[in-house]
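Each remark here refers to the structure printed beneath this line.
The letters A, B and C name the chains in turn, as written, and every chain counts its residues from 1.
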Amino acid sequence: MAYKSARLMDRGVKGILLAAAFLAVAIVFTIGLFILRQALPAFSQIGVFRLLSGTEWRPSQSIFGLLPMILGSLLVTLGAIVMGVPLALGCAILMAEIAPRSITAVIRPAVQLLGGIPSVVFGLFGMRVLVPLIRQIPVPSNTGFSILAASIVLAVMILPTITTVSEDAIRAVSGDYRDASLALGATKWQTIVGVVLPAARSGIVASVVLGIGRALGETMAMIMVIGNSVIIPQPLNDNPLTILLSQARTLTGNIAVEIGYSSGLQTNALYATGVVLFLLTILINSLAHALVKERAI
Amino acid sequence: MRRSSFWMIGIVLVLALAVGCSPTAAPTTAPTAKPSATTQATAAPTAASPTVAPTAAPTAMTGKFTAAGSTSLQPLAETLSEAYMAANMGVEITIQGGGSGVGVKSAQDGTAELGMVSRDLTDAEKPGLMVYTVARDAVVVIVNQDVSVDGLTKAQVRDIFSGTITNWSEVGGPDKPITVVAREEGSGTRTAFEDMVMGKEAVIVANAILQSSNGAILNTVASTPDSISFLSLGYVDKTVKVLSIDGAEANEVNASSGKYPIVRPLSFISKGDATGAVKAFLDWALGPDGQKIVADQGYIPVK
Amino acid sequence: MTTVIHTVGQTRNTSGQVKSCSTSLAHVTSSQYLRDKSNLKSRKLTQQSAFALMWLAGSVAVAVLVAIVGYVVWLGAKVITPDFILQPPRGGMAGDGGISYTLLTTFYLVVLTVGIATPLGVAAATYLVEYAGAIRKHRRLWSRLIGIARLGVETLAGVPSIIFGLFGYALFVSALHFGFSLLSATLAGACLILPVIIRTTEEALRAVPNSYREGGLALGATKWQTIWGIVLPTAAPGIITSIVLSVGRVLGETAVFYVTLGGSYRMPTSIMSSGRTLALHVFYLATETHAFDKAMGTAAILVLAIILINLVINLLARRLNRMMKG
């Protein structure tokens, strides 16, 4: 009798769990489909090409071009990678290969903690410290609200992701490789550069790609430091580096700044912005995924 | 040992759900509920409570509604609703921001009983909506404290915002580039400013720093040297400098006399005629008590 | 030859035992660092400067952390008083008042969000790990569907949070007329952490050795009895970790709630009330008021909460490790 009721319960629970799994997965797919559906009018009325290549975004005149935001997102991400990756890799190599265990025991939790700090705190720091600091650079019409400020904030934000994943990848390299290299007379550094890093390559690249994904997706911290101007970033004077001092707007910022005030086609165009962002991150994540898989084999 | 930790999650979950399912009940038992009563009382302008309470008490209005929309109307609406709720204990008004676009949308689709807009409705928006203008508001041009210019003409303002004038020296200031700060597209304040200052052809320069609320504009101008922007008069404080336009100082007197040129309506809108508690609130807001608060808050009364 | 042996002798101390070199020698022989004796000095110099750079990178990373957290906590600590915590926010450009309602809203939102997402996520993960795995062999279509489901969860875990906000705004705020409310924010937030919970729970369940399940089944327990009595309790620390992780995610999230919660600083009186969380309060204070000190104070409290959560996670992870080993 008890056995029978246990069987019955077994079957009931399985049904409940299946329903939960189904619901969860349904939610996952609803999100994608719903946003796509909301964006469709924008794609059909504005045209995919015009939307992606348009250089102007003036919703009041029904001009919707996402190119400034796409470039804005890419530039801040690039800036973050250039600044963040060397730092993160250095930190990962230090923790995995060089530093004594006692030091690593301090650095690792610190870096992990950095990863958990809410982005709005970084935004606050950027707004109160970085923007006024950058404003001191003597270039005409430099307001401090800039790609540079955004990139620095992002670099700090992606540092933990890249450091942690790279460190894991480096640690995963078999000790035999190191021993063999050292046995051949290589110095420790030569071993790291010539053997360990190449062996951990795909994991390291995956960590960078994950960092890119995080950088592209950041919203609030960007709104706080980048100025949100809808322009294609340009150098402020003859020095091409001053492009870093240009204001910009990111794809994420475009959504957050305007969604509350939007109506009609503008709303649809903002959903289209979401779709572009969605596709971009899926692309990047599947790249990371493929790289991690490759490493596993 | 293992079993006990598993039961722990169970208990946590049950607790979570118990608290989660009764959000309406929880606040009253929470210790922080007390300050809410006291704040409402203190927040209500002293002028309102004594005069309104006796007249409102007999009606004993009850009801619950939401007003959503323009951040320009939001501070005034919050003060009005707090005063009204203090006098009518049975009424509960929730004020939400979002912007004029949200105001129109939420009134149309019923998300909120009242929409708040800080601009005229467009012809496409008008059908089915009733407009109750409770106050008028001057849109003022503000600059950072370090800017030595004190006044501009409307034409100069237009040229600065459209990017024709890019240096303060062109309008009598020092040789410093102008940093234009503006609201994002869709904002009621921006729409009103564009209608009244920029006209049909001129558009606000693309490299303007864009912020998505009145507060953020004030904040940005206060902290960015050589910057200029426009703002609802009700938001202005000592951290920025207000420019006179066409020689008229931006204050309530000039705005109500029509001497100051940039004035726009602040309105509640409802789908069809307002009824019940909503109507009572609007009547009160348009009556002497409400309009006194409007004037006290630095806006221009409509009556 | 003598040089080589000499170097090995030197490095052995730091690298530990030399073992089974033959397996990996092929990878190494192609490298070109077998040079003659004379460049040992320069190689050492390179190593020293390279190591110095790595140390620099590590110190900069830690310095950045200390600088940012220190800056915020230092400035924030000045405004954190009992009054600041117990007074309600009063809004306005001065950002008057404290954060009591904000704390309360944050608490509601965390409890509601995690309360909704956890049962759903844990149940879904349990199905995916304990039941879906067994089907694979006989039903091709079913297993393919499960593969797609997994991919979907995986994908969503990496999608920017503003996308969840956009979804929440479109569905809950607009289409379903929930408005800017705790309800809309809770549902959007639950969607945000659902993939996190499913993934971490899946990992925790997978870490339970199969022998445990076999033991349970061999004793005559049904599958569910085995899962309920053995597998889930064993995976409990991992599952709790996933919950704590989600609490951290909800605490720190701004973008989703910026477009679904409305940002009223009032006391939430019902599930339809608008409100603001701590993170959102930091954003509003920083961008829309002059109360930067209060923004710092609120941020400091947020950071302290995150540090606390990190500690809890570390403790749980340690406990999990011990359980797996013991």
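What we mean here is this: contacts are C-beta pairs under 8 Å (C-beta built on N, C-alpha and C of every residue); 3 or more make two chains touch, one makes a residue touch a chain.
Since the model is a prediction, treat every value here as computed from it, not as a measurement.
Enquirer: Which chain has its C-alpha centre farthest away from the C-alpha centre of chain C?
Expert: It is B.
Enquirer: Give the chain pair, either B-C or A-B, that is connected by more C-beta contacts.
Expert: When B-C is set beside A-B, the one with more contacts is B-C.
Enquirer: Report the inter-centroid distance (CA atoms only) between chain A and chain C in whole Å.
Expert: The separation of the two C-alpha centroids amounts to 15 Å.
Enquirer: Hey, how far is the Cα centre of chain B from the one of chain C, in Å?
Expert: That gives a centre separation of 37 Å.
Enquirer: Could you list which residues of chain C touch at least two other chains?
Expert: Those would be 119, 287.
Enquirer: Enumerate the residues of chain A that touch no fewer than two other chains.
Expert: Residues 223, 256, 260 of chain A each touch two or more of the other chains.
Enquirer: Counting only residues that touch at least 2 other chains, which ones in chain B make the list?
Expert: Correct list: 97-98, 105, 211.
Enquirer: So in the complex, which bits of chain C are touching chain B?
Expert: 86-88, 90-93, 100-101, 103-104, 108, 111-112, 114-116, 118-119, 173-174, 177, 179-180, 182, 232-234, 236-237, 239-240, 243, 262-264, 266-274, 284, 287-290, 323
Enquirer: Across the complex, what residues on chain C touch chain A?
Expert: 3-4, 7-8, 11-12, 14-21, 23-25, 27-29, 31-34, 43-44, 46-47, 50-51, 53-58, 60-62, 64-65, 68-69, 71-72, 119-121, 123-124, 126-128, 130-132, 149, 152-156, 158-167, 169-171, 191, 194-195, 198, 222-225, 248, 251-255, 258-259, 279-280, 282-283, 286-287, 292, 295-296, 299, 302-303, 306-307, 309-310, 314
Enquirer: Please name which positions on chain B make contact with chain A in the complex.
Expert: 97-102, 104-105, 166, 177, 179, 184-187, 191, 194, 203, 206-212, 223-225, 227
Enquirer: Would you mind writing out the residues of chain B in touch with chain C in their complex?
Expert: 2-3, 5-6, 8-9, 12-13, 16-17, 19-20, 23-24, 26-27, 30, 32-33, 35-36, 39, 43, 66, 68, 75, 78, 92, 94-98, 105-106, 109-112, 211, 213-216, 218-219, 222, 235, 237, 239
Enquirer: Considering only the defined contacts, which chain A positions touch chain B in the complex?
Expert: 56, 58-61, 132, 135, 140-141, 143-145, 223, 227-231, 247, 249, 256-258, 260-263, 266
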